[in-house]
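Chain IDs A, B, C and D follow the sequence of writing; residue 1 opens each chain.
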């Protein structure tokens, strides 16, 4: 086969690339990016949520020409970004409560509509606790009414702000302050938790997508796509948490990448409830490689460890790979 | 324009005259007819521009209102009872953020046992939420108070609850004078938010405030309510001057001049009380009524001024602080601190128990004779209570109280008492 | 707006909070020595010139390359590219085709007629270079660039030395050789061919040269005693290959036997095939594994029908026949006679047993140390024991190949220049190696190696056409972009993008990045996610 | 002050009847207050609604315990609920039934009140005839106008049109009018009987 002349060293896997046409480069590669979440915030070292929020909001700011308003559920993101007297946000932003971000978003969108300012767009955002647990009622209502709000969930798989307690997004076997690493089946139980992207799809809203902080171009493309649509949209971003996962602060992006490459976290898009695209696994790896660097899974390893639970997690990943066709046909 | 309509529809028309831009609706008796009425007005285009949003809960209703208000829209919602409790967190949030949402509370009891009828337990439960709380005596006043509430709340950038008795007012057909749109427009200027979510001038609203500034924030909220003590009478006066009706204000005295006994109350029971007092006056009893229109801010000075001439004060209230007694009485007592006069707390009408002129007359006669219990439960069926207490004394656990009581009462379908 | 106290805040005010104080480790940008550069005998900055080629700026790439080596078109053909054998990309898929890109650049330069800049200023010094081979011409080039007057004296009839007389046309077309030689002449280098230097001392005195670089190639074939009849036809490889350049081609007959196991043996055998020999047989005393010749050349030879008798020595040369003794390897891997003999028919026998250098021109020069048939030099400076007299290439102790020779020329030129100026070149400290372990290869696109086309066998055995073709521009660009830029920032913006604290400052194209230590919390994500390992975390001194 | 109590079952428009009555009174320039026996009764359950009419503002908010007027929309309630409780001696009683008080077994009760203020009206039949549905509320208001003369048939018609629209309204008006005439005839008959 003959090489396409457009080939470049790193493709779009890196944030930028001097060989890429400027319009193909990521928002984050640009010195003009809005840095919506500014320096000086109090997030932990290597915070995936701080990263994911800046990625997403900066992309939305570009997509809307900075005509954007954000509302935030209670949680790490809110606490570390706006402790009086300082805020890190560079766009109009409001925090109301833990469970009502989606509804506040609805209210803002309604106000903008009635004021004839619909060119200003609304994003509601929160962590997995504020989204999958306490905020699910308001979120589902927002979906069902198809309000003109993009809701972004930054999923770090537990209540980190309060000291790492289990949420309904906590994965099986994961240790938290409320799912101990003891007993025959330590950690969070299997066959539980919520798959919010699928729940969102069940509302048949215009757009649902998942993404991770490991694939910036994918995340930005999805935000841009979402901002190009009207109505209720949902973006679920996996954001590793060094504190809660017991991982090294420099492994944040690596773990997000492994979550995708193992099939643990399927990355896909759905329009009106139908899956329309999946991001294929590039270098498939066993779940071991993803779980090992996280102390929340430490009890699965060593002796005696829990090989049977590892097998169950691998089976879950394989199920995702089948269900979402995460491998090229040839590999699958 | 005079109309013979249901209280709920009178309020719906009043709210519509205030040109709300976002209305959040969630059904709960006895508030439902209000948002239904507004829904029709939006659907028909009579109220426009306005976003009418059918939310999935009261919690969402208040949350949507918060977002709308922060984004510069005039926001309204209505609720009652369990609904108010379900939105409680957002209720505190709206006032904490200083967002001038106006909300009708069609006062209703709080369960368990579940009970849809009227008393004041619901709004009283939110008395410390930082909201202003105005109580309506009649449907006319309910209508008028909503128009005043938007003006008051938006001036102070504080949310306002307009409380009207569920069913007794909301479902009562009576004569109301509905003002013309032009009159209301002249009285109520468009909403100019104190803070606004606007890309042209970004701000972060709702910061986390630590010990170093939290008390100050709270004090400033209190200072606003103190300001309201001045503004409420002024606004009521301006309203009277424009619309030719006395509505709202802090308190309203009826035949209190030189009265030895003054009955203090809120809401629709004031009407029945006035009739009762008239008859007692004819019988030569020196008695009057003090109606409290503004429960929050609580007009300590005005109440004191109105009561200090009397020899005894009877606080008749539809709210009850279990383990203590009266809720309103506590505040009235504070207003009277230092004064020596007989004070009675009368708990009445809980869960919709009818408050009749006869019972009031009987109770007030005892009060005038100073034979009334300091804490009186009007028309309480001691027979039933007695039996249950006996059972209690006999064995510690004797089954759910409500069921036992019903067994004692027997089936009393819609028997009129 | 008169904003509510405390609950409403002005945007971006957190800049007042300098989170840099949290740090226990700080990231720093580093440059590391890529393995290819480290390995190149000619000291080329391979990653450096690939960087330009990646963006399609071939002229900049060529100019960057020729700062170190003036012969990209030649190198792209004859260099044994040890750089590729150490390329980190080999751990991902295949090594980057450095050699093929180098050839593309060399050919591109010839096609476009790119020339070298003449020196900015003249030093007024005169330098004599003996030998117009790769080493000599490389030295002449570098010396000229440094502003010296250079005279090259070549004993042979043409420039190129062993590149011309040792490497067959089908590997190095002569027009390519000629063009890259002429480009140096065009810089103002005087080249005198057919000018053998008899005595170096006289030559220097006569020419009033301030310094000399000796770069005489190994043109003298080693002989081995083989009992032979007068009638038997025995030639040596050097002579055969040299005569290929002349008008009359050597008469080798239809059955040719070549004795030896080096690249030269293969060159001769393959040449014989092209000259029409039906059988070209190499006799070698060891096994293929132990053959000094490069494997790819053995492979090509076998493809062309060259035969090899492994574990064999020639005992005797008779008329049209040779006596061969079978050998076996002893424990230490050395061949031992077995006493088994056989006869091998041959029209001619060509001996390819290695070459020696003619050192006669050095007689009477004081201070020189000659050992093992070569001149001893200070390996750091390439200067012989006699001040001002430098040497390189086949003349000095080193591996004998074109690239090494070119490297000697460059190195010697730098030290000759220093010597002439009365200074010395202080070798700057080399960067640490850029190892594969330091890379984050996930970020590089999948890109299978682009291979060069090969001439079909029929033409290879019937003509001297070049065996290996060049890459198209597309392929060359593609191949250049397979470079991982090991150990050196290539401005992929990863660090700038992945910092959760916006603590990386982008300095603009070509200027790379800087850290804002006011806010950097030292999480280390930038270092972990740097594809090429150009960021290092160093502990903060507490 | 005139106090009216209306008994019926959920779905029979009891509350609407009280409301229409108040509207009719308002139409005649009087103050009126209509309200239901606040409850969550469903179709079929006994329901009570009230209406007060006066010439001055009505402040009283208690349920009507001593009505001047009693309207019973469903005779089956007669032996289930003590509908006559608190009725004033000179009160009016209007019952939806083809049968007479005696036939309804209310003979003894009838003795305690003024004969000329007690009447039964086949309101359901009239409603079925005009509306095709057994909705006796508007019909009975027409009857009440005739029985008491406290409100005019025009006011009742206006109230009906205030509540309903189009054919429904007109059919109800027609039904109310028929009931009005029916009661008038009965009253005349009763008058003759007494004079004889």
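The rule is short, and it goes like this: a contact is a pair of C-beta atoms (placed from the backbone, for glycine too) under 8 Å apart; a residue touches a chain by one contact, two chains touch by 3 or more.
Predicted, not measured: the structure shown is a model, and the values here were computed from it.
Novice: Listed by label, which chains are in contact with subunit C and with subunit D?
Specialist: A chain counts here if it touches both subunit C and subunit D, which gives B.
Novice: Looking only at C-beta pairs in contact, point me to the busier pair out of B-C and A-B.
Specialist: A-B
Novice: Express in whole angstrom the distance between the two chain centres, defined as the mean CA positions of subunit B and subunit C.
Specialist: Distance between chain centres, rounded to whole Å: 93 Å.
Novice: Rounded to the nearest whole Å, what is the centre-to-centre distance of subunit A and subunit B, using the mean of the C-alpha atoms as each centre?
Specialist: Roughly 45 Å, centre to centre.
Novice: Centre to centre, by mean C-alpha position, how many angstrom separate subunit B and subunit D?
Specialist: Those two chain centres are 34 Å apart.
Novice: Roughly how far is subunit A from subunit D, centre to centre by C-alpha average, rounded to an integer in Å?
Specialist: Between these chains, centre-to-centre, one finds 66 Å.
Novice: Tell me, which residues of subunit A touch at least two other chains?
Specialist: 81-82, 84-85, 87, 89-91
Novice: For subunit C, jot down the residues that touch at least 2 other chains.
Specialist: 6-7, 9-11
Novice: What are the residues of subunit B that contact at least two other chains?
Specialist: 97, 201-207, 209, 213
Novice: In their complex, what parts of subunit D are in touch with subunit B?
Specialist: 5, 18-19, 22-23, 25-27, 31-41, 45-48, 58-63, 65, 80-82, 85-86, 162
Novice: What part of subunit C is in contact with subunit A in the complex they form?
Specialist: Per the stated touch rule, the residues are 6-7, 9-19, 22, 54-55, 442-445, 447, 450, 474-475, 477-478, 481-485, 490-494, 496-498, 500-503, 506, 508-509, 516, 518-519, 521-525, 527-529, 531, 537.
Novice: Show me the residue ranges of subunit A that touch subunit B in the complex, using the header's touch definition.
Specialist: Those in contact with subunit B are residues 66-69, 71-72, 78-79, 81-85, 87, 89-97, 99-100, 103-116, 120, 137-138, 140-141, 144-145.
Novice: Any idea which subunit B residues touch subunit C in the complex?
Specialist: Those in contact with subunit C are residues 96-98, 157, 194-196, 201-207, 209, 213-214, 216-217, 220.
Novice: Touching residues of subunit C toward subunit B in the complex: what are they?
Specialist: 1-11
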